[in-house]
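Before I ask anything, here is the structure I am working with.
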Amino acid sequence: MKAVREVEFEGHLIDSMIFPRVLDSILDLEGEFEILEFRVGKRKTDTSYAKLLVMGRDEDHLREILTELHRLGGQIPDVEDVDVEIAPKDKVVPKGFYSTTNYPTYVKYRGEWLPVENIGMDKIIVIDGNQAVSKFISQIKKGDLVVVGEKGVKVIPPERPREKTFFKFMGGGVSSERPSTQTIERIAGEMIKVKNRDGKIAIVAGPAVVHTGADEALAKIIRMGFVDLLLSGNALAVHDIEYNLYGTSLGMDVKTGEPVPGGHKHHIYAISEIISAGSIKKAVEKGILKSGIMYECTVNNVPYILAGSIRDDGPLPEVITDAVEAKVKMAEAIKDIDFVLMFSTMLHSIAVGNLLPFNVTTVCVDINPSTVTKLMDRGSAQAIGVVTDIGVFLPMLAEKLEEMSEK
Amino acid sequence: MKAVREVEFEGHLIDSMIFPRVLDSILDLEGEFEILEFRVGKRKTDTSYAKLLVMGRDEDHLREILTELHRLGGQIPDVEDVDVEIAPKDKVVPKGFYSTTNYPTYVKYRGEWLPVENIGMDKIIVIDGNQAVSKFISQIKKGDLVVVGEKGVKVIPPERPREKTFFKFMGGGVSSERPSTQTIERIAGEMIKVKNRDGKIAIVAGPAVVHTGADEALAKIIRMGFVDLLLSGNALAVHDIEYNLYGTSLGMDVKTGEPVPGGHKHHIYAISEIISAGSIKKAVEKGILKSGIMYECTVNNVPYILAGSIRDDGPLPEVITDAVEAKVKMAEAIKDIDFVLMFSTMLHSIAVGNLLPFNVTTVCVDINPSTVTKLMDRGSAQAIGVVTDIGVFLPMLAEKLEEMSEK
Amino acid sequence: MKAVREVEFEGHLIDSMIFPRVLDSILDLEGEFEILEFRVGKRKTDTSYAKLLVMGRDEDHLREILTELHRLGGQIPDVEDVDVEIAPKDKVVPKGFYSTTNYPTYVKYRGEWLPVENIGMDKIIVIDGNQAVSKFISQIKKGDLVVVGEKGVKVIPPERPREKTFFKFMGGGVSSERPSTQTIERIAGEMIKVKNRDGKIAIVAGPAVVHTGADEALAKIIRMGFVDLLLSGNALAVHDIEYNLYGTSLGMDVKTGEPVPGGHKHHIYAISEIISAGSIKKAVEKGILKSGIMYECTVNNVPYILAGSIRDDGPLPEVITDAVEAKVKMAEAIKDIDFVLMFSTMLHSIAVGNLLPFNVTTVCVDINPSTVTKLMDRGSAQAIGVVTDIGVFLPMLAEKLEEMSEK
Amino acid sequence: MKAVREVEFEGHLIDSMIFPRVLDSILDLEGEFEILEFRVGKRKTDTSYAKLLVMGRDEDHLREILTELHRLGGQIPDVEDVDVEIAPKDKVVPKGFYSTTNYPTYVKYRGEWLPVENIGMDKIIVIDGNQAVSKFISQIKKGDLVVVGEKGVKVIPPERPREKTFFKFMGGGVSSERPSTQTIERIAGEMIKVKNRDGKIAIVAGPAVVHTGADEALAKIIRMGFVDLLLSGNALAVHDIEYNLYGTSLGMDVKTGEPVPGGHKHHIYAISEIISAGSIKKAVEKGILKSGIMYECTVNNVPYILAGSIRDDGPLPEVITDAVEAKVKMAEAIKDIDFVLMFSTMLHSIAVGNLLPFNVTTVCVDINPSTVTKLMDRGSAQAIGVVTDIGVFLPMLAEKLEEMSEK
C-alpha cells in the first residue's frame, strides 16, 4: 500500500540549489511527489517555502525517501520527538543511529528543540539530560541515549548568501588560474573583518611553511594578533625550533640554501634541547627559544595543539601522541572558531575539515591541487581552495595584513 | 697549523659515484687532497681502492671534512674505538652524538667491530654490553652509552650493482612515461624471486586501495602467500571491512558506483560491529567477517600493524593509537623484510621509508608523483617510483603473479 | 524609466539547475522578477514551464539581464528576427556580435528557425542565404552577414537526463578515487552501445600512449572497428612508427626497458623513412610499415588528422603544420561524432574540447588531474574525467571490448 | 678478433661525474678497459686527464662502445676527418647520420676543427663549404653533405662548475620545498649579473601569466630592460590585449574577480580590434593599445615570436601559424641568448628546451611539477625547476629586480 507524507522546506530554496535536489532525490529513489505549495522569495532577503506531498510504494520505501529529504532540510509538520536507543556497549552504536552532517542540527526532545553541540561530520547524537551532544564513536559509553532515525531531527542546510562575497570572488573549484595577489588581498580583508567583529581565526599548518621559508611571515601574523589557535604536528614545531636555534631547515642554511656541516643533526638537537628544558613553554621562559612560530604562540598566549604522527622524530614534549586524544582536543578547541586557514598539510587539513561545522569559512592553501580536491571530497564542501606556493603566499599575506590594518 | 690525515676508501667507488663525491666534498669544504693510491677495478666483480691524504686548515677544519668523508665510507687506517658519552636525561642526547644514516653501519668497541642493529635514518647508536643498537631519541634512557663523533664508526655506502637488474629497468626518477605492463611484470618477477629465496615482502597500503576497487586483488595476493607483513592505518581496515560486510565503499555500491540509501553510515557500523565482536580477529572467528584484506591477513597469519591518525573514525580495536608506540612496533616488524611495496599512502610510505635500511628494495606506487618525490627527498633514495593508478595496477599484478607462479 | 519584459523557459528546469540559475542571475545583476507561471513536471519524462516578468532600471539594464537569461535558454514570446550586421573587413567582427555557446542553437531569420551548423564555443553566426553557419573569426569574410545581439537566437541548454546513466556512474569532478576496473567496463559498454546504434567514436591521443606501452592496445581497438576518427599530432605517429619499425620508444627497447645503441636516432630514422616513402599511406602500401596505430588506421580506412606543433621533429608528410588549417579540418571532421575519448594530451584535448558541441559524450583519460580540470574550466563542462594510467587503462579497455563484443 | 683503441678524456672528469659514466658505459656494453693514465686535478681550476685502452669483441662491438664514449667527450688521438654522405632526397637522412646532442660540438673537416653552429638536440650536421651547421630534418636538402658516424666529431660535455653558484643553490630535482623568497632573490641576482655583462635574457611565457594577474609585473620587467626576447603564443598576447583594452581576463574583471556582462566576447573583440588595426605594432602606433606585455615589447623594441597552435582563437596577425616556420624562427632567435626563463607553459618550454644549447642557463617556473619533470626528461637536463605560483612569483621578482638594480 502506498504511503504518503507531507514535507515542508523553508529557506533560500532556489539559489542554494536545494529545491532541485529535493525533487531529484525523490525521482531518483523512484518516489513520486505533488507540489502543494511553492512560494519563491522575490528579494535578496526573502526566503522561499514549499510544501510537497511525497509518495512511496510502502512505508519502508517512503522512509528511505524521507531520510534523504531530511538531509536536505525537509521537515514533517507536527514533528514528534526523536527516538532514542541505549548504546549496548562502550563504542557500539544501536542499529539505525542517526549519523550527523556538518550542518547546524536540532533535535526535538520532550517537545523542545535542542541544538546539537559540537556538530561535525559522521558523529552520533546523544541525549544527556536536557542537552543534545554529538559524539565520536570512540566517546560512546554503554547506556548512552543515542538518537536513531530521522524523526524529530532538523538540519539547516547551507544557504549560499546572495550578496557579493568573499566566496563569490574565490569561486568554486580548484583552478590555479585566478589572479593571485587579488586572492591574497581578499583573504587578508576577510581576516581583518573577522577580527573586527571579535571572531576567531585558526591556522592549520604543515612543516612546508618552514621549508619554504614562510615561517617568519607566519610568526609575524601571530604577533600581529590574527591567530587564535594553531593546529599542527611535531614536524612544524621541530623545524621551526631548528631554524630559530640553528638557522637551518632540514640541515640547510635557509639564507644560502647550502648544507651546513653537521646540519643533519640539528633537528634531533632541537628536540633534545626542548626535552631537556622540559617543554617548549619552558624553553621560551628560560630564554633558549627566542623567536619563531612556537615562540610567538607562547608569548602571545595563542593555544596550539600538536598532534603526533608515525613520521615524527622525538616527539617534542607538548605533542599529543595518542590520535584519539588529539582528535578530541582538536574538536574541543575549534568549537568557537569562525575562520580556518589551512597551509600545506593534507593530513591535518582533512582531519580538521572533518571536525568543522559547515558554516566555518575554510580556506585551504596548497601547491598540490589534490589536497584541496580530497578535502572537498571528504565533505568539507565549504572549503575554498587556493593553489599557490605557501613560500610566497605567506610573506605577501603578512604584508597585506600590515598595510590593511594600518588603514 | 695544517692538519692532515690519511683516509681510505674501498668498494665500487667509480660506478657508485662515491669517489667523485669524496673529492667534491673536500673541495667544497675548502680542504685539499693528494691521491696517494688509486686502483680501479677492471671487471664487474672488482672493487676499487683509493688512499687520500686530506688536509684542513687546522684540526677543527679537518674534523669537519672527515665527518663528511665518513658518511661516504671513508676510513682512517688503524681505527680507534668509538667515543661514548652518557645520556644526561631520558630522551636527551649528548652533544656531538653520532646520527645514523640508513646504510649498514659498524662501530669499533673494545677492539671489535659491532654491527649496529635496527639501522634506520637519524637514529642514535647506544652501546649496550657487547651490542650496538640504534635507538630513536624517544627510546634514549638516562645513563645510556651514546656514540659521539665519527671515530670508530664505519658505514658501508650503497653500491649500484653492475648487473642488469630490476633497478636498472625501473630507472631513476618519477616519470610516468614507462611501459606500464612491463613494469608490472618486472615487479611480479621480483616478488616471485624474493619468495623463492625465502625472502619477506611487506605491503604498505592506504585506503585508496579499497576506494579504487583494488581490494579484492590485494586480498588475493595475500591469499597467494606473497605478503609477510601489512603496514597500514585504520582507514584501510575500516573501508575493507565496510566493503566486505555491506558491499559499499564510502557509502557507494562498488559495483554500480551509486550511493546506497543509508550508506554513509556503513563505515561507522563496520567499526561498531568489530568493536562489538571484540576485534577483527574475533570477528573473523565468529564468522562475521568472511572476506577481504583483513580477513585474509587473519586466516593466513599475516601480521599487520594499523597505526592510528587524527583522521580516524573509531578506531578499530587493533589500531595502535599512540604514534610513538606504533612507530617502535613498525620498526621492529620490518627488521627482516627484504622487499617493500607501498600503495597510495604518503603518510605511511614516508614513515616506513624512514625506518628502512637502505638495502631493502622499495617500490612506491602512487598516482600522485609528489608522494614518490617526497619519499626520495626524505632520504629513501633507494625507492623506485611507479606513477600509476592502483585501481588498475593491483588487479594486473595479481593476474601476473598467478600466471608467473604457475610456470 | 523601468523596463519590463516577459521571458519564458521550458525544459527540465528543475533538475538541470536552470531555474535557480535564472533567478540568481536576475538578482545578481540587480534586476527584479515576478513569477507569472510555474509548472513543474511530475514525472521523469515531463518538462517544466515558467513565465517570468523581468524588470530592469531602464532598457539598457534590462538588455544586459536578458543577455544572460538568453544563455540559459530564456525566450521572449513573439520572437522577432535576428539582427545582422555586415563584417567590415576579413576577420573583423561587427560590434555586438553574438558569440556562440557549445549548446544547440537556432536563429529566427525571415520568420523561420534555422539551426546553426557546426556549433562550437566562441564562434560567430553568419547568415548565408537560407542557412545559419557558425564560423571562427579567421573564417569571417568582408561582407558576411553577422548575427548581432541575442534577439531571435534560441539556445537549448543541456538537460541532465534523469535516467541512471553512464554519466551518473562516472559522477562529476576529477577525483581519482573511483573503482577503476568498473570505470573501464562502463566505458567499454558505452562504446559498444554507440557502435550498435551506428554512432561514431573519435579518439584524441598523445604520444604517452606509445611511451607507456599502450599502443598495441589502441591498434587493436582500431582493428576491432571501434574508432571512426583519430585526432593527434606528429609525436604519436612518429613514436608509433619508431616502435613498429625498430621496437624502441624514445630509443629504449620497449620489452626490456633498456636503451638500444644508436636508439636515440630511431625517431629521426622513422621520419626519414616515411618521407622517403612519400607518406604513411605509401609506407604501408610498400610494406615498410606493417603494424601499429597508424598502420591500422590506414588499412581500416580510419581517417586521421595529425596537427603540427612547435615541438615536432620532422614532421611526417601527413602532418598539417598550419594551426589554422588544422583547426578548421578538425572542426569539420568531428561534426558527426557521438563519443570522444581523449588520452593523455592536454593540448589536443582542450583544442578538440573547444570544437565539440555540448551533447557529444566526452571522456578524458589522463594521469594528470590538471588536464581534466583545465578542459572543464575551458567550457567543456560535459567532459568526464578519468584519472588513471593510460598504460594499463588501454590494455584493459581492449580486453573488455573484446569480451563484451563476443556476447 | 679483439679490437682495441686508445681513448682520451680531458676536463672536470671527476666532479662532473663523467669518468664514472665512461667506465660504466664500457662495462655495460660488455667491453673491457685498462687505465693507461689518470691525472686528477687537485685544485678547483685544474682539469683532469685520462687515457684508456678500450677493448671490444670485434670492430663492430668496439665501434658501438666508442659511439657511447664519444657522447661523453671521448677523443681518439690523431683524429681523422669526419665521414660525410650525400642526402638522397629533401628531408631524408643517410643511414648512420650523426645525431647531435645539445652540448658544444666540433667536427674535423679537411684537417680543421669547425664549430657546429646552431647546436640543439637531435639535429643533423651538414658541411657547407667551410662551415658546419646543424639542421632539423625538415631543413635537409637533397645533395647536402651530412656527417655520418662519430669519427672526427668532438663534443664538450657539461662541466659542473666547482664554485658555489646559482645552480648549487637551486639544487637539482623539482622539490617544492625550497625557501621561495630566497629563490626569487637568486634569480633576480642572476638576471642582473647577466645584463651587467651584456648578456641576453629570453622569456618563454604562457597565458597563465595573465590569468594569475602577473602581467603587469612582466610588463614592468620588460620596461626595466631585462628582456631581450619573448617567446610565446597567441593566447598570451590575446589575453594581455584583452586585459589592457577591457580590464578583463577570460571575461572576468581582474580587480573584482567577477564576470563582466558580455565579457566572454572580449577576447574575440581584442583579436578583431588588432586585425582591424593591421597588427599589434600598428595598434600601438595608433594609440589603441597603450599598456601591457605586448605594448612594452613594441615600444622597447623587444622582439617576440608568437607561435600558433590548434587551441588558438583568431589568431592575431603577428602569430606564425606554421609550426615548422615558427620552430625555425625560434631556433634562430635564441642563438645568442644566455639565460632563459620559462613561465607556466609546457608546450613552449619543451619546444624551446629542445632548441637550447646545454650551456644556456634555463629556469622553468611552473606550479605543476610535471612541466619541469618532462622538460628534463626531454633532455634539457640543465634546466632548474621552480615549483611556485607565477601569480605571486612575478610581482615579487619585479620588486626584487627594482630594489637590487637601484643598489
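Observations on the model:
Read from first to last, the chains carry the letters A, B, C and D; within each, the first residue is number 1.
Here is the rule we use: a contact is a pair of C-beta atoms (placed from the backbone, for glycine too) under 8 Å apart; a residue touches a chain by one contact, two chains touch by 3 or more.
Just so it is clear, the model here is predicted, and its values are computed rather than measured.
With centres defined by CA atoms alone, the chain at the far end from chain C is B. Counting C-beta pairs in contact, the pair that comes out ahead of the other among A-C and A-B is A-B. The distance from the centre of chain A to the centre of chain C, each centre being the mean of the chain's C-alpha atoms, comes to 38 Å. Averaging Cα coordinates per chain places chain A and chain D 45 Å apart. Separating the centre of chain A from that of chain B, both taken as means of CA atoms, is a distance of 33 Å.
Counting partner chains per residue, chain A has residues 164, 176-177, 370 touching two or more of them.
Interface of chain D with chain B (complex): residues 14-17, 19-20, 23-24, 27-28, 32-35, 38, 40, 42-44, 162, 164, 173-177, 369-370, 373-374, 377.
Against chain D, in their complex, chain A makes its touches with residues 164, 168-171, 176-184, 186, 208, 211-214, 249-250, 254-258, 367, 387-393, 395-396. Across the complex, chain A meets chain B through its residues 29, 64, 67-68, 88-93, 97, 99, 122, 124, 136-138, 261-262, 264-265, 267-269, 271-272, 275-276, 307-315, 321-327, 330, 346-348, 350-351, 354, 368, 370.
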